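I'd like to ask you about the structure that follows.
Going by the order they are written in, the chains are A, B, C and D; count residues from 1 in each one.
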Amino acid sequence: MERNVLVIGGGIAGITCSLELAANGVKVTLIEQGPSIGGRMIQLDKTFPTLDCSSCILTPKMAEVSTNRSIELLTLSTVMEIERKGDGFSATILSNPRYVDMEKCSTCGACASACVMKVPDEFNFNLGKRSAIYIPFPQAVPQKYLVDRNACLFLSRGKCKKSCLDACEHKAINFEEKDRLIKRDFSAIVIATGFDLFDAASLGEYGMRKRRGVITSAELERILSPTGPTNGEILIEGKKPERFFFVQCVGSRDSQRGVKYCSRICCMYTAKHAYMIKEKLKDASIYVSYIDVRAYGKGYEEFFRSVQELGVLYIKGIPGEIVERGRSLLVRVEDMLSGELREIEVDVVVLATGILPSRDIFRIGKMLGLDLDEYGFVKVDPTYPSLAGKEGVFVCGTASGPKDIPDTVAQSTEAAASVFEYICRGK
Amino acid sequence: MSYGLIMADVRRGLFDERNLDLVGFCNVLNIDPWLILPKGAYNVREAYFKRIIQVEMGEEEFINPLNAVITVKKVIEKFGDPFALIFSASSSGMEIAPYVAGYLKSPIITDVSGYQKESGTLLKSLYSDKVFASLKIKGEGFFVITVRSGSFRHEAREIEENTIYEKLEGLTRDERRRFLGYIEEEKQEVDITKADFLLSIGRGVGTKDEIPLYEELASLLGATISGSRPVIDKKWLPKSRQVGTSGKTVKPKVYLAMGISGAFQHVSGMKDSECIIAVNKDPEAPIFQYAHYGIIADMHKIRDRLIQILREK
Amino acid sequence: MMKKGIDEDWTKRVFACIQCGKCTGSCPESAKTPLNIRMVVRRKQFGSVSASQHVWYCTSCGACTIRCPRDVKPSEVLIHIRSDLVESGRISTSIQRALENSLIQKNPWGKARSKRSEWALKADFQIKNIGDLREKRLLFTCCVEAYDPRCNVIPRNVSKILTYAGIEFGILMEEEICCGNEIRRLGEKGLFEELRDENISNFKKYGIEEIIALSPHCYNAIKNEYGEEAPGVVHYTEILWRLLKEGIIRVGREYKKKVVYHDPCFLGKQNGIFEEPRNILMAIAGTELLEFTRSRENSLCCEGGGGRMFYDVDLEYERNAKSRVSEAQELGAEVIGVACPFCLVTLEEEAKEKGIEVKDISEIITEVLL
Amino acid sequence: MNILVFLKRVASSQEEELKILGEGEAVDLSRLPFKLNDWDNYALEEAIRAVEKEGGHVIAISLGAKESDDVLRRAIAMGAGEGILILGEEALFDPRLRAIVASRFIKKEGFNFDAIFTGVQAEDDQFGTFGGYLAGILELPYVSMVVAIEEWGKGYVLVRRELEGGLMEKVKVSLPSVLSIQTGINEPRYVSVMGIRRASQIERKIYESSLYMEGVISSIEVLKWSYPPKKEGAKILPYDIDGACRELLQILKERGVCQ
């Protein structure tokens, strides 16, 4: 049997693991639900604590995936069925069409300019707009356009002048493309499905989606990014804010309405955000409310300190509620260390939402008969952190629990090694 | 004719007006009013009494119930059984009457406010004046009663013949209870729950500037000032002056409510006042449902006129 | 008996508190009163109750408990501390009076039990005794509504509408007693149990199948704290909205006013009824429905609950009712619509001066029905 | 310090309109709730405070029907060491008879006490005689309307009693004695339902009142019950400002609060 591995999920975990396996001569099929690989990390502007450019690290790896001959990349694809077959697995993969011939597309963008349908841009957390025919983001891999079939007027309603067809010189657009079902055998499977974010709107007292100026950290990340909807300029609803309030543990450590666990990354990404805002707006007043500051990694505590030294005020105590006062937001928070209840007026409240297991994991876990923990993360043996508990099934990244990027990368490499060891057994 | 033995209601040298109720009671029962009186220059209305027995005791000794027993026993010994022993329903009478009755094991009825000749029954209120009972005393011998102030005064008649004076001497003293002195109520922290007369102001007062004039009115009237929640909330009066469920519950003799509409919470705190007088310009104000007397007028006008009248006095 | 979380081993929860301050930040009494709900829990962790008298400032709005990330239920912890004070006998006379009245007269106001249904006798149509009915649907009146002449209109209006809509219902007359919601919150657990048991035995005696509660406080107690023996309970706004939606009652007149709706804590944030009262108001032609900036689950407590009607507050500070009324005024509202007698009483006291009306939803709808 | 406190269970009538049955035969109390007489509650609290401070024992005693057990349980919950019911078919209306029964009971059962506390009066009959009458029979010193106990001395107690118009009298009485306690002397503690339930586990002794009634009968009889003259809402003073003010002052004068 050929040594062929299915990697599910094209984020930093799946990419790292695929590249490691490919480097060892293993054939990899990397499937990604979305139109591009890159996952959550490619949405980030900088990584903590070193403030390295996130896309500078990730883009070369993504490019390598697309050029590596040992890696077959299937985007817009989901696993429909997996069965055990001999020592390995037989998987059925549903691959949705891009309606754009990747061979012919020159990525010129003429089609997108011609398209009349504009929809919220999910890559930027709906802060900007994109066309129905689009490229998800400039560094997307595959670096090709595609048609969002739910947004496309022709595909969804059958009614469109289809000016994109005229605009495309290469005649790359093909509305006739159909879904494909791909059946393939694999010796091993790696789950790298990543995470979802907690929906901050479910905590009504914070006013997410109800009050102007209340945003999530993920949205802020895009606002801060030079490739984001404001090209890196800090603008919220067209205005330049000056006063920021960060709320940590939104959905995390919340056994009542969120999840019981600590999401591990919010303290540091919030510190990073505070730092980045201070870099851009020297006079910004920034408050960070916290329950505990968890800066446990290498260089983290030092980074936390440097953020404090910039004048970012950390408040022990998380706000009870955020209400409007005139054009400002009023944050009611107990500053526990002084024992005072403060009502702080700000322009922007940033909610540091926690990590949830990816919704997909339940479906895939069921197909493979995996044990999931009470939240839906893949259960692993702490001494073998990439073993998903079933023969031939491996896990890496946040599919098994909240992790930051360095831990994800380390664990994904370790997963590749475990997979390699597994498929080489008995050979 | 049998006699009614009246124990004089005296305090600090004053012969109280209430004694006339006791005389009136005797007159209604058609018995001779006899008075026992301590040493001292009292302004006794002698013409009302058939006989006045002056006891060789100071006032404080006289109104000590333990000595009262000694006195009464001596009078009875000397003059025979009275028809009744009569006390006023005052702080003294309420203390002495049952004690003497107990000592002599006589029947007792207190707080009598009426007499029905035909049935020979005494009228007494129960359940805070919600019902009255017509009571008959059974058996032989005299009985002890206390009489409600104001209920027989109008029946008091002067006698035609001359008053007989007696002196009662050689009485022992019961040393087990001793009078040590009087204490005036401390005035520093006003307790509105203890005031007999409250002038209570409400939202209708309008502005803070009006308050001093109400304070003046209160002092002219000898009333204690209190208020409803809106006035307290605005800090126009201290919290300790608040009447209502979230403040104090009061039961003064007179509650004069000015500019108070009568919100439920307020009314719960004052409805048991003996007499409620409401001043409000709104004839529909709920306070009138609880008031005994109502004045439908601008509270300020009433205030100003009252001040004027009282100053003229 | 009790529903989840009310009476289970609560010490565990106290120790689970991570002192995040969410409760204090949520509490409408933080900062302006000495009550620091987080500190209450903290002190309880150490078993010290030195600042215990502060617990009487709690209005039982429930925000802390709803939002607590560790499900510590701070407002319930506070009730336990109040309970200790109640058991020790060291409570203010005004609270004591409310409790003693509830024990003797079965209502905290100390009103005569025999006069409980006077509001019904004064109505110009017949309101039936539950015993005389086939359909055992009970209209349950709150003590304030039964006795306060201002709040009397609520049961009378609702009865009128139900009668008109052909919905059979009855009342318990003199047998009705306090639901105990506030009593439990005052920490008088034993008395709450007595009131609950008496109510439940009445429900059983008459075979009551459904209860229409007029006050959100009664609604809450019966729904969440009476246990499984209690029949199903609905708030009257739920019924009225259904009748309107189904066309059984119809709005015939305009109510040309700007109405801002104030969510009662026990109806809204604690029991999730946000839409029905709004739907009723929106169904009235001419009525413009306004919203407070703090509405729905963020609604600002009127401070009438949790026994605050009876607590002799020594401090002076701005009442929430005042800021509520000021905001209504800024919004240009002519009427503050409420669906709770406590909110009605507390808000009206402030609103009177500002020339803003406070009306129960039942009053508004009665004015415009065909 | 041992204190006997007499407690009466009374109908709570403050909020009620009382109904008279038939042609004035009786007052209908059947629909009224019952409670501990308010004055007795203060007396009980004062007694408990005294023993808390001076040591000793409070014995709560109630004369009445078996339901009077309620007030005994409440007393125990409040801090009384013992509860005793002198059981009769119904409460004795005649104050003389009540006091005689109580005095015979105290003598016969041989209580050792330093003081007897009673409330100044009972909310229902408002005779206000029990303490005084009992003291008279027992020939013990007596003080009524006690608003403060200042000092428990050796064989005596210093008290203040309330007089009219905010005046008080300071009195020294030797012990044992009988004190009638006025409301407002203290703030009685709250007694919780749980507390009463716990107190129920302590046994209350019951004595038959008939044992102490030999040879005495009631000395008063109610011939008829009647209503007071009906009050019809507020009497509106129908004058001009000046007339209203003058009438108002007249009312104040009649009520004795303003000359």
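Just so we're on the same page, a contact is a pair of C-beta atoms (placed from the backbone, for glycine too) under 8 Å apart; a residue touches a chain by one contact, two chains touch by 3 or more.
This structure is a prediction, so every number in the text was calculated from the model and none was measured.
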Path length in steps (a step moves to a chain that is touched) from chain A to chain B: 2
Top chain pair, ranked by number of contacting C-beta pairs: B-D
Identifier of the chain whose CA centre is least distant from the whole-structure CA centre: C
Approximate Å spacing (C-alpha centroids) for the pair chain B, chain D: 19
Chain centre separation (chain B, chain C; CA means) in Å: 44
Between chain A and chain D, centroid-to-centroid distance (C-alpha), Å: 78
Multi-partner residues of chain D (each touching 2 or more other chains): 14, 16-17
Chain C: positions in contact with at least two other chains: 110
Residues of chain B whose C-beta touches two or more other chains: 289
Chains grouped in pairs wherever the two touch, ordered by label: A-C, B-C, B-D, C-D
Chain C contact footprint on chain A (complex, rising order): 203-205, 207, 249, 253-258, 291-292, 316-321, 323-325, 332-334, 336, 339-341, 343
Partner chain D, residues of chain C touching it in the complex: 86-91, 93, 95-96, 99-100, 103-106, 110-115, 174, 188-191, 193-194
Residue numbers on chain B that touch chain D, as the complex places them: 11, 65-66, 69, 90-91, 94-111, 119, 121, 125-139, 143, 174-185, 193-194, 196-197, 221-223, 252-254, 256, 272, 274-278, 288-297, 301-302, 305-306, 309-310
Residue ranges of chain D in contact with chain C within the complex: 12, 14-17, 31-35, 78, 187, 189-197
Chain A-touching residues of chain C, taken from the complex the two chains share: 18-27, 30-31, 36, 38-39, 63-64, 66-71, 293-294, 296-298
